[in-house]
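Note sheet for the following structure.
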Amino acid sequence: MVDVQNRPDERGIPINKVGVKQLKYPIVVLDRAHEKQQTVAEVSLSVSLPHHFKGTHMSRFVEVLNEHHDEMTMWTLPTILHKLKERLDAESAHVEFTFPYFIEKRAPVSKAIGLMDYQTTFIGETYSDRDIFILKVNVPVTSLCPCSKEISDYGAHNQRGEVTIEVQCKENEMIWIEEVVEIAESSASAPVYALLKRPDERFVTMQAYDNPAFVEDIVRNVALQLKADERVVWFRVHAENFESIHNHNAFAMVEWRREN
Amino acid sequence: MVDVQNRPDERGIPINKVGVKQLKYPIVVLDRAHEKQQTVAEVSLSVSLPHHFKGTHMSRFVEVLNEHHDEMTMWTLPTILHKLKERLDAESAHVEFTFPYFIEKRAPVSKAIGLMDYQTTFIGETYSDRDIFILKVNVPVTSLCPCSKEISDYGAHNQRGEVTIEVQCKENEMIWIEEVVEIAESSASAPVYALLKRPDERFVTMQAYDNPAFVEDIVRNVALQLKADERVVWFRVHAENFESIHNHNAFAMVEWRREN
Amino acid sequence: MVDVQNRPDERGIPINKVGVKQLKYPIVVLDRAHEKQQTVAEVSLSVSLPHHFKGTHMSRFVEVLNEHHDEMTMWTLPTILHKLKERLDAESAHVEFTFPYFIEKRAPVSKAIGLMDYQTTFIGETYSDRDIFILKVNVPVTSLCPCSKEISDYGAHNQRGEVTIEVQCKENEMIWIEEVVEIAESSASAPVYALLKRPDERFVTMQAYDNPAFVEDIVRNVALQLKADERVVWFRVHAENFESIHNHNAFAMVEWRREN
Amino acid sequence: MVDVQNRPDERGIPINKVGVKQLKYPIVVLDRAHEKQQTVAEVSLSVSLPHHFKGTHMSRFVEVLNEHHDEMTMWTLPTILHKLKERLDAESAHVEFTFPYFIEKRAPVSKAIGLMDYQTTFIGETYSDRDIFILKVNVPVTSLCPCSKEISDYGAHNQRGEVTIEVQCKENEMIWIEEVVEIAESSASAPVYALLKRPDERFVTMQAYDNPAFVEDIVRNVALQLKADERVVWFRVHAENFESIHNHNAFAMVEWRREN
């Protein structure tokens, strides 16, 4: 059977990325508390394509995925990346796995247990000279407006917000999803929970009122913690508030790279 | 050229709805303050198909739309519905136009003007014996939790919420989008705005604190107003809070039909 | 601590549904081939609320969910529904679990195995006199246009489509997700796969060309199969084509209930 | 009234971007055929914030937008950007306007007119030393698989795809949305239309069959045209196919900058 993809190409244009996306797949990830966690990822896999080939072989992406979904961690991602590079005869490869990650969380007073989900992405890249691994975690939080609190006789508008942290560590260092969640939650006005009884609701209401924070404050609080962590070489943090007094969102973003 | 759609069908199965959806189209709608408003709709158009025809003629839906987008109101919708029924030789027709509708809104203290958008849907149906028109408006609001306020020494969690009102009037009666927005906003803890200066922010912060409302309260407050409105023969109201203390939403729904 | 929700309400308006939605949760479902399958659901849980109570107790929904996520099937759903009704002192309860369900599928020629995901929803309702269980499965398929094939000298436009089947069985009868998938796939022009090698691609290309089907044909083919299945008492089938020649979709829908 | 945002900040962390997003707003854009076109945009506006200020003044973003929505073009964007920079006392500003843009398009044989929508984004940035304007247009197309055509006795799988072109021109040069659309459509297997009669459907079916193209081919065809256009200094082109034989998408991406 002819192999159209393998034919030469005359247009002289190398392709940065070619591959598959929006592929759903069950995966197993590391879990700090329970060792392993089964979840479902949306997957994107791609490679570079030199200018002289007409096309890539898309089915090979899925074959490589089939061989490796049983453990998807920052330790096994390089294996997948190198196999993609080799199997598709490419110079670079790029993968993204986005999945809900669940953490058991105790309510602050009643200690009732609820399961919180955090949208997480593993981003892996390999080039001729290096591998890159980025952990991205989306953490819902409560934010309470410092301005509203200060100028009002009582009350203060607050809302759900989302803190998205992307972080890259030094070679052979890692950071747990659970650590990133803690950094985000401690940088906002209060954490959010899946299950709160009334004494808990009272607690988080006053906790948020005691810790007002703009989106600007949230990204700076996260940035301070990540800069102080010697494992971290690069991060980008984005905070977004679903403003309770507006129909649009407020956001702030800081990006930083450690100088050698 | 053969007309495959026109062929007879032997399976004996009438089709409730067949048509097109997710079609974007610019439309003009009535505006209480400015007479007319140009906006962009996502459109769905369908008809019933008797069991003995193989298929419908999809291009005719778009042709009818081309002839009528210059005024899309509850007064012109029946014309479109009847033309669809006739042109596609059908017993019933169904259309939906979903679009952002903008209202100029003054901030409560500074009187600064901002443009608020309200996701609106016109739903029209025609059968052999009657036409139906339903107006659906999605109104963002602030809700402040009565429980959180009462059990806490200070503060109260609040959040953006969405009130979705679907309403059907008596024949030859209409209700303005602006009226539906006012009903929703007056049923929650406070309205939301596109533009608030600091004195306005102080005002709405305290207004929300003074008017705590559960999702249950919001749907009941809306229901009371709509039941008291003699034009209204049916409504469904749905309130949803993007809880600031949880990563999930709270919601409530009431459906009601006037008895003769 | 005061219980605001428990207070009497004077507005005289009963609430059809009040509860939580957009809650992510890991669940275990039955799997025809492997007995059990772990996946992640988006969950909605609600109850009715009589007119004389001010509010419901939202945290109890999550508590009930915590107790039952380890097996979520049409056999255990009634238990959850009855517990919700009891724990929240309600007359009716309603739950929805939407999750990706994976099936190993062999390519038609190479027999290579790929994992296909099917968006599935379990819908359960309980009233004073009866329980209802509806299985909803969303099946991606290929559809090839009969008109395009017939009027063109060569080729025929085709596209990915989605067949959504909702089905309710007689009491004590069930239908597997896998069966619903087979009904949908056999009603379209060809199934879709996660992994196809070149001989497979050749096979499905010609299979689709040999089996042209409008959205009208797809819903009728599904309807014929479901009507002939004695277990089925009600169904609704919706087919939607992401038309390759248009920027909008074509769709058709049939709803049917078995007469006694 | 105190100005909390204006207070000094001790954390020493400058913020790359702070502002508002997901704000809906009616705008007027240039239209090659009709001079002007009214549409509705989703807007994001942000500025940088020096390390020594606690916060930015979010309401000013909306005030600037209020003053300028009546003409939103690559010629007026710099005015908005400079005003944001000035009014918010910032070193850089960034805006994005995403909106459906409509073009009247004649069917290839019948010449019937349909309105096609193209999701378009204006991206503007200003720094101390330069302004940047990027036009991004999302163009739906038909793609027909060259491999499927070649290995099959008849037929070929095809599908709707999306070509997303981002392009930056030399200073004082511009490219029309309409030109970008033409580049994308001529690079795929066939254009898509809002309205096609049967002779048109026959035409585009055979046109697609005569012009098979992988996602790799589409991005290369676009790249060739943009590189040959002297106005263009940078582009990124992304092609994505909603594969009709898979439940995932195939994609390719090329990024390029003109060397001086």
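Labels for the chains are A, B, C and D, by order of writing; each one numbers its residues from 1.
Please note the rule applied: contacts are C-beta pairs under 8 Å (C-beta built on N, C-alpha and C of every residue); 3 or more make two chains touch, one makes a residue touch a chain.
All values reported here derive from a predicted model rather than from experimental measurement.
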{"item": "Between subunit A and subunit C, the fewest steps along chains that touch one another", "value": "1"}
{"item": "Label of the chain whose CA centroid is most distant from the centroid of subunit A", "value": "B"}
{"item": "Same-residue or different-residue interface between subunit C and subunit D, half as cut-off", "value": "same"}
{"item": "Distance between chain centroids, defined by C-alpha means - subunit B, subunit D (Å)", "value": "29"}
{"item": "Length of the line joining the C-alpha centres of subunit A and subunit B, rounded to whole Å", "value": "35"}
{"item": "Euclidean distance of C-alpha centroids - subunit A vs subunit D, Å", "value": "25"}
{"item": "In subunit D, residues with contacts to at least two other chains", "value": "1, 23-24, 117, 147, 151, 194, 196, 198, 202, 246-248"}
{"item": "Subunit B residues within the subunit D interface of the complex", "value": "1, 3, 23-26, 38-40, 59, 62-63, 66, 100, 102, 112-115, 117, 194-199, 202"}
{"item": "For the subunit D and subunit C complex, residues of the former touching the latter", "value": "116-117, 140, 142, 144-145, 147-148, 151-160, 190, 192-194, 196, 198, 201-202, 204-206, 208-209, 242-248"}
{"item": "Residue ranges of subunit D in contact with subunit A within the complex", "value": "1-2, 4-5, 9, 11, 13-24, 46, 49, 54-56, 58, 146-147, 150-151, 214-217, 219-221, 223-224, 240, 246-255"}
